[in-house]
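For reference, chains read A, B, C, D and E in written order, and residue numbers begin at 1 within each chain.
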Amino acid sequence: MTWGQFLLVAVLALPALGAVAAALVPGERAGRLVGTVAAGLTLLAALPLVGGEHGWFGYGPRPAVQPWHQLDLPWAPDLNLRFHLGVDGISWPLVVLTALLTLLCCGYTLWRVPTGGGSGRALVALLLVVEVGILGTFLALDLVLFFLFFEVVLLPMYAVIAGWGGDDRRRAARKFALYTLFGSVLLLVGVYVVVAAAGTADLVSLTGGAGLSRGTQLAAFTLLALAFAVKSPLWPLHSWLPDAHTQAPTVGSVILAGVLLKMGTYGLIRVAVGVAPEGARWAAPVLGVLAVAAILVGGLVCLAQDELKRLIAYSSVGHMGFVLLGVATLTATGLQAALIGNIAHGVITGLLFFLAGAVKDRTHTGALAELSGLRETAPRLAGLLGFAAVASLGLPGLAGFWGEAFAVVAAVRRGGGLWTTLAVLAALGGALAAAYLLRLLRRVTHGRPGPAVAGVAPGLAGAELTAWAPLVLLALAVGLVPALVLSYASGPVGALVEVVTR
Amino acid sequence: MRPVIPYVTAALLFGLGGYGVLRRRNAVLVLMAVELMLNAVNLILVTADTTVQLPHSGQVFALFVIVLAAAEIGVGLAIVLQLYRLRASVTVDDVPLDRPEGER
Amino acid sequence: MTGADVLLLALGAVAVGAGALVVGTRHLVRAGLWLVVCLGALAGDYLVLTAELVAWVQVLIYVGAVVVLLLFAVMLTRAPIGPSDDLDRPGWPAALVGGGSGLGLAVLLVDAFHWSRVDLPVAGTADRLGEQVFRSWVLPFEVLSVLLLAALVGAIVLSRPEIGRPGARSAGTPAGPGRPVGPRSDADPVRPAPAVAVGEEGA
Amino acid sequence: MTGLLAVALPGVPLLAGLLGLLLPASPRVAGTGEDRARRAAIALGVTGAAVALVAAVALLLRVDHPVEAATTWADLGGLRVTLGYRLDGPALLVATAVAAVALAVQVYSIGYLRRGPHDEVEVDHRYPPYAAQISLFTAAMLTVVVSGDLILLLVGWEVMGICSYLLIAHDRRLPEAPAAAMKAFLVTRVGDVGFLLGIALLGVSAGSFRIADVLAHHHSAGTLTAACLLLLAGVAGKSAQFPLHTWLPDAMAGPTPISALIHAATMVAAGVYAVARLYPLLAQAPAALAVLGVMAAVTLLLGAFAATAQDDIKRVLAWSTVSQIGYLTGALAVGAPAAALFHLLSHAAFKALLFLAAGAVIHAVGTTLMSRMGGLRASMPVTFWCMVVGLGALAGVPPLSGFWSKDGVLAAAEAAALDGAGPGPAWVGWLVWLAGLLGVAVTAWYATRLLLRTFLGTTRIPLAEPHDPPAVLRWPVLLLAVPAALLGLAAFAPWFADRLRVPADASGEAVELVHLAPNLLLPLVLLAIGAGVAWAGWRGDPAADPARFLGPLRPVFARAFRLDDVQQALVVRPTAALAGVVRAGDELGVDGLVEGSGRAAVGLGGGMAALHRAALPRAAAAVLAGALLIGVAVALIGVAA
Amino acid sequence: MSLVQSVDHVALLPAYLAGGTAVLVLLADLLVARAAVTVAVAAAGSAATALGAALVGAGDERRSFCVGADCSWVFGGRAALVAALLALLTLGVLAISGPLLRAGRTPPGEYCFLLACALTGGVVLGAAGDLITLIVALETLTLPLYVLVGLRRGSLAGAEAAVTFFVVSVVATTLTLLGAALLYAVTGVLHLDRLGATLAGRADLLDLPLTTVAVALVVAGLAFKVAAVPFHAWAPATYDGAPLPVAAYLSTASKLGGVVALLAVVQRALPATVTGPVLALLAVLTMTVGNLVALRQRRTVRLLAWSSVAQAGYIIAPLGALALAGGRTADARAGAYAAAVAYAVFFVLLELAAFAAVVALRPADGDGGTLDDLRGAARRHPFVGAAFALALIGLAGLPPGLAGLFAKVTVVRALLAGHAGWLALVVAVNAVLGLAYYLRLAATLYAAPDGPVPVRPARLVVLALGVATVLAVVVGFAPQLVLDVAIR
């Protein structure tokens, strides 16, 4: 076992063991601490995965997926299931983001356990299980294994929402579970459509179509894309998201928006587009139109929205629309934009949900009508909220800009009437984003403090700052140095585009 | 010999049995109707023995069915009597599959 | 149209007619008696079809045991001897299903066998039947014995409520007749248990 | 060294801004923390602007030919985005102006945002974020100025937008401030949609976003026209051109120094500057220039007329900015980028002066309404004379800076109209020229009116005790009066004119900024007429507003031809209504479908469960009937097959 | 030549062991008359049966009771699997019967004897090579259950359940018999392999509507045993009225028996062109109706009963792939049969765990109660609750119940390999429906507790639950174990 393989296993094993330990360790606080330490170790294990042979040099035809490290063990041959893990430039940033957000959430839980539910260590354990699922999804190089990890996330997240959420948590959690399960069963069918036709589930050999017939590819892409569209979520399959976000506890929302949605877009890029390129080409216009519809609908709904977390949730619909638009163009620019958009959305929306949670914790309301004048009583919180909102609206120089602007650029680059129209509409959607986020700021931070806000203490807890500071810095860093994400992805994306357009 | 004659007899008996099972309220009468159906099966088996020109497996089968039926009737009557002991009625209409919500 | 055919037709008509009365009569006891007629006619059919052993077994077990059991059951459940009006449910679904299956089967069988004729095997098949059982069908024969044993024990345990009572158990012997029936504190509280205890009579 | 200075130019204010944001915004205990944080903020802000000014001047002196450097910033699938600067004469001149105005504003704000005699006790100006945001604003503008890459330019462009948003909303005592800030950002953002798309088109066409690459690439005519038109949308937003000018007057809700910054050096200048930067491209797209010309003419007159009827002193100045920017874009439309940049510089000087002086007045009087001022000359002589210089420059009184620069624009337009010298069609020249001439008269009229209403006549508020501002306010004003008065003379220096030449200018000849010709008399005559009419009106009744002569037009002008209402009716309300409809549709339609299918499943389950709430015979019937149906089906299929 | 068929006694060892268990239990009950001894004997016998089946099954396929090439007893891999599994299930049910027997309303001797008889029937069923043996064995499996269902003395619900079960079962048995008789009348053979060869070899027979109807009747009659819609209506009523361990036996062992019988005839005897569409139809109906009705259940056992109806749909779904030509290739068929068996194996493990958990959480001799009775149970008994939740989630087919997930995966894979994508989609959508109510039950377990004081779970029940859970977890992580034995 090489060092890289050891790290791959460690990245999955650490949170899994951490979850078990957190659940079993006697003592409430000790459990949370153990879980947080496990999350921290996971992050430490995820970071050095970047080392090693990046291998984009060489001669002759090479597979479109060339992991930096991989581990390939047989599991259940009769199900075409192999324990095949690998990491490359497309997945590594997401892996790190996942590990980071989970660590922040666990640390945050160390400081405050959401009210209404069970013990904090159970929450930490569930968060770690969710992390295992998400990391596994990003690392899996076997279709069936990918599906397996895709499913792992579902119930722990359900439990997080149902156990520690808001007043209407049961309904929202059930809707989340059922709706996303609907997506993942389609994924199951799609996976086996591919596997039955190709006889293998190995993503490395499947990427590029692997000689699947056109009919199979169309069917597989339809199923897979639907599955990922539910998870991402792509309009009009998004309606689980606002409810889940609104009801979920802060850490749940952060994980949900920050990385869980990314499973959908990642899957779309790596699995749907990679495995069924012909299907992708065939469906690209539809995907593009839906993505732009998501951008516009998300923006307009946000403009008429009157609940803080719900607004942010709908803004996710819009932002993921940009990511999907990038993917739909099937150009290297678009895919790169989608990847960095993914990361940026994870960082920024994670931060936004942290802040929205802090606001709700302090004021006990999320209604925009009752919030006003936050900058009078809690200027730092208001300032951070302003920063996050500004980052979210895609201000150049911050992380959100690259994904959104270059999704538009990619659509322009694709050319033709349809894509140009989509580019124009998407850019208008960007203006809508500014409109609703400024409306949000105007309602929440400006004006005279309302009764709900008047009693808010101005200070921020150390734990809060500790949890938020990395996200603020990342939003700045990714904005100023996009190469942090893009440089690793350019090789794999180039190879992917090559096989897709071949 | 025309095998179709006993066959049709059996078919009609089976139909009558089915009718009786669905028509009768009294559990014992339902059992009688079931006996009719079983006998129809037996008649088919025995008749088949004359048409297939093979060793008499049909008759063996019929014998086994008779034993089977006897065993079932025995247990069945015990069950019916148990029901009667508890409720003083053997009307199958009074045996619910499910009760309306909240009645239990 | 041979003599066998005429016999079969006649016996068949009797069987079907009696069967119709079994499911149609409004007298509980008469239904049992019509069943005897029906089963007897079938036994005749078997004789015509040269299945003597089956015919005698039919008479022995069915007419002799099953019908008697059924009649006992009729009596034990205190059924009215005269005609009763509440024996039947509305009949159309039953008629639909019963008629459909009977006629449908008949059509299928006629379609399959038409008006073909076969030669009846030589009569006197009891020994060949025995040989068959022991040459080909030993396994189900043996399994049936388990089944019969289970049915026996089952029927007894159901009919004797006192079996398995802690008191009866400790005595080490099955409770004899006349032993008082245990308290029914655990009976369904919604419907009061009837006062009659018929366990002993059934045994 | 040049590279270091070029990086320091936006870098130091940026750093100062970021550091400033970390200072505690608001004191927990008044008097202690406030002073320390405030002092630190002042130090950071002033230092940032001062260093930027020094760097700009140093570069201006050092660099005599275009300098460029770039490194790859990001590579998105073959599209290269670079991080680099591109220094040339115009860039450095504008940078100097920006830094100078920024420094003036920083210093001025020290005094302006101090708790004044008219303030309530609990007023807290939150100086640290304010100063930091000004620094960021400056840095963003300087980024736009020196950027060598379109994407980097866009970064500065948008950061400027957000800074303007933050600063306009700064004054928490004004209820209209947040709305004005939002409007400012949103209207410019709508324009930026076009700007982004234009950049995207150019970048995709050239395969790179580096300005040098974009300029060097031979674009197809269609792409070029489309891209230029799209860019113009962004320019219209940032530079407050018709029809995206509506935010600028409302932005007066911000503190007065901020108005000075926005109007003189940053936001509105950025659009014009960007066009000048990309002028070689526009020169090849006559259609875009024609649109620009029409836009300029409309804006010019619209702003001028709207300025005539305002009562708020800052709004007069704001509309005057709109009008003056019309001159700038007009100059660009007729093919005179150098004239445009020249007027940009002089406008920066006098408009900064005017705003800061007006701020001094407002500071002293405690109101912005001219109807409550009057007769301030005696008590505020310094302010008065500075204002005279500023208004004179605005109206174009020789030899103040505005005279020379405006004359350059008019001369270029005249040349385009009469000789067809411009790159666009001749009618554009006519349009700009005529509008410019009419604008001269109107400008003179409202400038005169402002001066008369504010400083002359009788005092209309007896209680106020106006006085000249303290030194920290006075000195920036006084220092700005110098370029406002004298910058025009710089046009006679070939060194200056040479630096104003856009490097890629097709002509390649030396730029002649000053046209000493007989036709200079025409604008002077118009100026005299405009000023005279205003003076005459005022003489009739010094207490009354000369604007009364506008008659029924006055309310129309005061509300700027009701374009705000048009925008409200055509854009804002439909969007809001659409948002409501979409939300309802999403919640009732899309989500309703989901919830509905859930309910349908449960209902169906309930119905089936009810079917099972029956007696035993139904189970037997199900078995027999099921078997019968299956048998019939199978038999039928068998027969059919 | 002896008059009696030659008998391979080694092959028959599992059947001897099972039958011997029944006899020994009877003797032990007579001679020792102590409940513990009786149960111990039954348990030991079941264990021995499982062991014997495993040992015999480990070797090559053994045949006995042959008439020429046709044998009534074919003890191969699947028969061994079924026998061992049934014996283990019996063992498990015995373990969770403790509270019931101790409560005193049920006679332990007879109870154990009847279970052992049913086991005997099941063991023979797995190895049955002809229709007579199959039906007789099936009856031997079922008949003791009539009695067991009604064995909760004095309970009206129990008596009603027994009557329901009995009447519906007898009618269904009649259907099977009719089908078998008609098949015999048409073909003249009763051995499964010979039947298959005959029907495959003579196209004229298949053109006869009588043949197809006969096939359909056999399938329909056997579908009753797995409680497939529309032959399902007895199941909820019977499960709910029966003693909890018996309900567990019904939904695991008895259902497994039905699956085995169905598989035997479908795989070996009957033409796929007829059985395929019938089974596809039954599968779709069963899954959908089962899941939909389960959504509305308030009683725990009824919910489990309806869910087990739905699960039967998943079990027979792979066989539905036979409806299409693409599903009738040799590979696809083998995959479909293996998938059905594998699903059944995964299912019975999880189902047994679920019932064991219900037994553990309910008072001795109590019925399943309503969902509200289980409110907060997992907070009082964290480990039992967790095992219950795991079993439910496994039944829903989601991680961490990996066994259930792999079960669903197996089915979907087989369906897609058989080109029955539409059926795979139906399965998939039904999985969503299923999660809705499993989640409701699981969430109830973790809700804030209120109401009655908790009962202390019996140790043996917890042990059985633990073993079932561990087994489920093990096959969850190593599904290949099950898949390997399922394909034999």
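Everything that follows uses one rule, which is that a residue touches a chain if its C-beta (ideal position, glycine included) is under 8 Å from a C-beta of that chain, and two chains touch if they have at least 3 such contacts.
Chains and their UniProt names: A = NADH-quinone oxidoreductase subunit M; B = NADH-quinone oxidoreductase subunit K; D = NADH-quinone oxidoreductase subunit L; E = NADH-quinone oxidoreductase subunit N.
Keep in mind that what you see is a predicted model, and the values were worked out from it rather than measured.
S.K.: Any chance you could check whether C-E or D-E wins on number of contacting C-beta pairs?
M.R.: C-E
S.K.: Which chain's centre, taken as the mean of its Cα atoms, is farthest from the centre of subunit C?
M.R.: Relative to subunit C, the chain with the farthest C-alpha centre is D.
S.K.: Which chain is in the middle, if each chain's centre is the mean of its C-alpha atoms?
M.R.: Closest chain centre to the overall C-alpha centroid: A.
S.K.: Counting in whole Å, what is the centre-to-centre distance of subunit A and subunit E, each centre being its mean C-alpha position?
M.R.: 43
S.K.: Indicate the whole-number Å distance between the mean C-alpha point of subunit B and the mean C-alpha point of subunit D.
M.R.: 93
S.K.: Subunit A to subunit C: how many Å between their CA centres?
M.R.: Going by mean C-alpha positions, subunit A sits 68 Å from subunit C.
S.K.: From the mean C-alpha coordinate of subunit C to that of subunit D, what's the distance rounded to whole Å?
M.R.: Between these chains, centre-to-centre, one finds 99 Å.
S.K.: Please list all residues of subunit D that touch 2 or more other chains.
M.R.: 609, 612, 616-621, 624-625, 627, 631, 635
S.K.: What are the residues of subunit E that contact at least two other chains?
M.R.: In subunit E, residues 132, 136, 139, 143, 146-147, 150, 154-156, 160, 163-164, 167, 171, 185, 208-209, 213, 233-234, 236-237, 436 touch at least two other chains, as defined above.
S.K.: For subunit C, jot down the residues that touch at least 2 other chains.
M.R.: Within subunit C, residues 89, 93-94, 97-98, 100-101, 105, 108-109, 136-137, 140, 144, 147, 151, 154-155, 158, 161, 187-188, 191, 193 contact more than one other chain.
S.K.: For this structure, give each pair of chains that are touching.
M.R.: A-D, A-E, B-C, B-D, B-E, C-D, C-E, D-E
S.K.: What part of subunit E is in contact with subunit C in the complex they form?
M.R.: Interface residues on subunit E, with respect to subunit C: 3-5, 7, 19, 22, 26, 33, 35, 64-65, 67, 72-73, 104-110, 113-114, 117-118, 120-121, 124, 130, 132-133, 136-137, 139-140, 143-144, 146-147, 150-151, 153-157, 185-186, 208-210, 213.
S.K.: Write out the stretch or stretches of subunit C touching subunit D in their complex.
M.R.: 89, 93-94, 97-98, 100-101, 104, 108
S.K.: Can you tell me which positions in subunit B touch subunit D when the two form their complex?
M.R.: Answer in residue numbers: 18, 21-22, 30, 92-100.
S.K.: Report the residues of subunit D in contact with subunit B in the complex, numbered from low to high.
M.R.: Counting only subunit D, the residues touching subunit B are 609, 612-621, 624.
S.K.: Going by the contact rule set out above, which residues of subunit B touch subunit E in the complex?
M.R.: 7, 14, 17, 21, 27, 30-31, 34, 37-38, 40-42, 44-45, 47-48, 51-54, 57-58, 60-61, 64-65, 68, 71-72, 75-76, 78-80, 82-83, 85-87, 92, 95-98, 101, 104
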